[in-house]
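Read through the structures below before going on.
Each of the next two complexes has subunit A plus one other chain: subunit B in the first, subunit C in the second.
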Partner chain A sequence: MVAIDRPAPREDSRMWIEKIPAAYWALVVILLVIPSFASDFVMFQIFGWTFILGLIALSLMFLGGYGGMVSLAQMTFAGFAGYMVAILGASAIDTISQGWPWWVVIPLALILTVIFATAVGWLAVRTEGIYTIMITLAIAAAFFYFTRQNYDVFNGFQGFNSVLPPRLFGVDWRGPEAFYYLTLFWAAAGYFAVLYVARAPFGLALQGVRDNPRRMAALGYSVTAHRVAAYSFAALLAGIGGILLTWQSAQISPGTVAIQPAIDILVIAVVGGLRHPIGPFIGAFLYVLLKTFAVDVLVALGLGGERFNLLIGLGFLVIVFFSPDGILGLWEKLRASRNRDPLTGRERH
Partner chain B sequence: MRAFARRHPVWTGIIALAAAVALWLIFAVWPDGLEDAIGRKKVFLNAFFNGITLGGLYFLVASGFTLIFGLMRNVNLAHGSLYLLGGYIGYYVADSTGYWLLAFPVAFVVVGFFGILLQMLVFRRMEGEDLRQTLVTIGISIVVADLMLWGFGGDFYNINPPEWLSGPMDTFFVTAVKSNGEAVYMKYPMVRIVIFAASVVVGVAMWLALNRTRIGMMIRAGVDDRDMLSATGARIQLVFVGVFAFGAGLAGIAGVVGGTFQTIAPGEDIRFLLASLVVVIVGGMGSIPGAALGALLIGLAEQFGSVYFPTYAVVLTFLIMVTVLAFRPQGLMGQG
Partner chain C sequence: MARGTVTQRLAATGTANALELRNVSKKFGALEALGDINITVKPGERRAVLGSNGAGKTTLFNCITGDFPPTTGAIRFFGEDVTTFPEQERIRRGLRRTYQISLLFHGLSVLDNVYLACRGVSRGRFSMIRPRRNDALMQSAEDLVRVVHLEDAKDTLVSDLSYGQQRQLEIAMALSGAPRFILFDEPAAGLSPTERRELVEILTGLPSHVGYIIIEHDMDVALRVSEQVTMMHNGRIFKEGKPAEIEDDPEVQALYLGGGHGHG
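Up next, the complex of A and B:
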């Protein structure tokens, strides 16, 4: 309606590859060459973990940012996928683990995760806003207690250990470099998948549903179907992240799907920013850095390493209190204020 | 109730039948066949009473939560932290002064004061922003949980009830009949019964205050139309601060109660936050009778679940929530 008067944008005659800003090229090159100089610890623990947590938080960003549904059950879906890989594949608990080959286990685990998430999503979309947060939190808690109490299938408190990735092409995928590239690949795949879906008809309709469900319903879109489908897609991302997470620590136990990790994922996504898919990765990087080095900082301040949660909580509180859009929001604010002329208050040209 | 019966005759019949069966199970002397099938009556009665008293505790926690949400649309996910704080304060007061009863007013006032701070410093700045409130209160609960862990350590605390409340009390429920025809009566801890009675009193008083007093009228009017109420000259912000303080204070009292019949430890905050979430989802947001019904259902489900199917106790609670959401998303007593 407003767009009618606007002149048509000039056709950009450059190739698509030329349109990518230079900063992106720099980022890609840096990410690809990091293994040539970084230590094993940095690759495996810091970057591997960042990409995994980023991927799980990305699934929350997709639901929250594009669908307007903040789900605390994303870690549960990730943990479910991890459990399925441990139960159907091989682990040290060979009385429960089936030991099926990886090309059956991984697709099956992801399919089961998507089915589980679709059921949860169908339930959760019956509620809105804050109720969604509550019901997904309740589901996450129920799954956590269930895995802790059930010994027949989930092996209770202990969970499963020695859950290792398959030795595909003769590569040990838990080796630092291989694992770095593996997680980088899936993080990038998830990132671009979310970017693509957000601009595809489904993503646009989903954003429409977020902004005005009644109008979308009047236009003939099924609001419920779009929301449930968003849960299914997000669970695929979370499931991949969960399988990688299980391989990284080589184990899965109820601690992985407890309430604290579920809230951590929310913290990561919100601190990074729910507006753009890059946000969760920024948040995850900060979180991992904090989690890894905060102990040293705290000890240096004379507080003792166990006050880590205080630091995380305070940081989270400050960010959500002052910038609901997270670090991406802060960045945008900063850019806007730099573009503004301090005398007239108008945009500079 | 009559309107409900007229609209849903089938449901009314089912509910009446279930109530009759439950009453028979509680009062009758069980025939041998039934004892063989599901175990002794004493176990059943104990689970029943534990469930009801646990429901009383859940009601105390959840009613504050539902009151705050129903009246102000404030989402306070730090409610569990208020509960835990009340428990610790109660423990220190009871332990240092020796008066168990003194723990209640002190916990109420101190935690209520925290509630006032929350309302003035946090919620008033972000009225109507659900998501932001949620996130900020999650942040607060993380920080407060860690501060409490720092201050009180990871130990388990237990508040001892005074002499006159400890020990069992004879009830008039027959658990079995001896071979000489003498009936065996059930014994039950006195303190639990007293606390349950107190929570019933609190619930009834709250309902009366909301529905029969001037303040209650103002609160209900504020829920319906806040702007119009403030235009008539009522000081709405003052009412809101008062309600928030009261709801938080209830959580504090619940903490003392919880510390008396269970233990106070880190992690209990999340457990009780979740319990109140489930209770208000089942009962219906913002409804005091709904919170009572939900708390009873969840308390009973948890206790019966842990006695009769220990592995799946959590799943039973969860199933109740799922069923309610699937058929009545607004909760059993919710409006709309």
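Up next, the complex of A and C:
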């Protein structure tokens, strides 16, 4: 696995707020004012869904990019958190749902998700590479079939509907504008949390484990404990994403934690790029656009609308083929080639 | 095995030798890589281990650091029997080593590599709080980067460093976290003449309480940075003495130096 972002020069004496490039400020402003002109559909369905899937894919980016571990169980953790909110909180299935208040349900759901992921991580970190993928895939499949067949707790095939966010501050958080800001807030919080932790001792040690586990052990670190802790941290991000996802569709069922969505998360993270926490959000935006509009494009071209997976698959192939680092990698290549003198091939200064 | 309290350990270090190997041997199947090794190194002593390829030098290091345990024999580190201790327990007691092959963190900067090495022997390895600029560990990491003359490259990714710079970084990492004894595994291999001079400067400039064993093929480096020399041959100790004695010894010259001592 390759390097993540380069550290900024430390001698810079400007305030941290002055060091943020203008393009970032522009993006912040755009994201904040989108609700003033975008339609309800765009806010709720396009951006809301992008931020949620981006957050879940971010948990995979953290494990993969910084820890060198590819997990297919991130959607499972997200779905687990969603299920916990439905089971412990309120839903239309009041024979199962406990109806506890939100301030108990949400923290408890996240804590249980982290415990579940820590146990899975504890199993998965004993393996490397393809075997980690296999073991997490097996766990994802097992959880999917378990939720489908268990009616006492998970309500089987039907799952739970009418799982709604609490009406905090008198706001209907499923309203398009409120939901847009809610998901934007958590996506941004996840993004900055990952950026911050990556430079904290825990994140640095994780990158050390990725680059050279043997040396880390020789330096006095417990490689296994760091890897397991990475699963716990990543599950917190996935769990928040899963709760938001459940609120968005107001339901959770085995379809949410099936194999296909688990693979979609991997595709989103890889297509966006595993080198930087912004990658998963770029991948998620592209995925949501394709999933939403590919059908219309295909029908307009006279092809079957159900072939939109073909488009996603082709897109995945093209990106992985031309840039193993995803869209972020393509962007960097483009920037590097613009800096290069076309005659000598040297970098311009 | 009782590992003893800190006070017991500190009391033991007062009079004990830095490193003591008693009848250490290591077998890989039928192959005897080390046989009947007895070495005593006093605190602060600097010793070179010489010998041709396959003489068992790196195997000796691996036994001392705990990469793998010796087949027979005992290893004492500042009076404490560490023969069965895992690697990180020895690290925490102040033993360090450098590696022949590059075992650095290529995706991280020079300073981050040294910082990780400093952090490894202290608390807060799971801390989610970023270190501040005046953080004590960050300061000591910066100091070490300066000691090995890498201050201009401290924010460079290791994958962008030259080979010589990577070797210098390797030494900075070995110096992290108050070492008491360091094992240098061919630190001069592949270095340019200028870099070798710098290496000798760094080694001779180490604090006097820090002892080390250096494996080195370059006799000019090895004999200039050591007070004692151990010659190894076929997994056994073949001769011990002061650098000058070893250099002038006819047997050693015949076996290893090939007549005139060279730079090989």
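Here is the rule we go by: the second predicted complex is superposed on the first by the 337 of 349 C-alpha atoms of A that agree within 3 Å, B and C clash if a C-alpha of one lies under 4 Å from a C-alpha of the other, contacts with A are read in each partner's own complex, and residues count from 1 in each chain.
The rule is simple: a residue touches a chain if its C-beta (ideal position, glycine included) is under 8 Å from a C-beta of that chain, and two chains touch if they have at least 3 such contacts.
This one's a predicted model, so the numbers in the text were calculated from it and none came from an experiment.
> Which partner does A:123 contact after superposing on A: first (subunit B), second (subunit C), both, neither?
first
> Counting only touches as set out at the top, which of subunit B and subunit C does A:259 meet: first, second, both, neither?
Once the two structures are laid over each other on A, A:259 reaches subunit B alone.
> Just checking: does A:202 make contact with subunit B only, subunit C only, both, or neither of them? Give me first, second, both or neither.
Touch status of A:202: second partner only.
> Touch check for A:210: first (subunit B), second (subunit C), both, or neither?
The answer is second: A:210 touches subunit C but not subunit B.
> Figure out whether A:219 sits in contact with subunit B (first) or subunit C (second), or with both, or with neither.
It touches subunit C, and subunit B stays clear.
> May I ask you to decide whether A:229 touches subunit B, subunit C, both, or neither, giving the answer as first, second, both or neither?
second
> Please output the residues of subunit B touching subunit A within their complex, sorted ascending.
75, 129-132, 134-136, 138-140, 142-143, 145-147, 149-150, 270, 274, 277-278, 281, 285, 310-315, 317-318, 321-322, 325-326, 329
> Taking the touch rule as given, give the residues of subunit A at its contact with subunit B in the complex, in rising order.
So the residues of subunit A in touch with subunit B come to 70, 123, 126-127, 129-131, 133-135, 137-139, 141-142, 145-146, 149-152, 259, 263, 266-267, 270, 306-307, 309-310, 312-314, 316-317, 320-321, 324.
> Given the complex with subunit A, which residues does subunit C contribute to the contact?
65, 87-88, 91-92, 97, 99, 103-109, 111-113, 115-117, 119-121, 124-131, 133, 155, 157, 159, 173
> Please give the residue numbers of subunit A that touch subunit C in the complex, ascending.
1-4, 6-7, 9-10, 196-197, 199-205, 207-208, 210-212, 214-222, 225-226, 229
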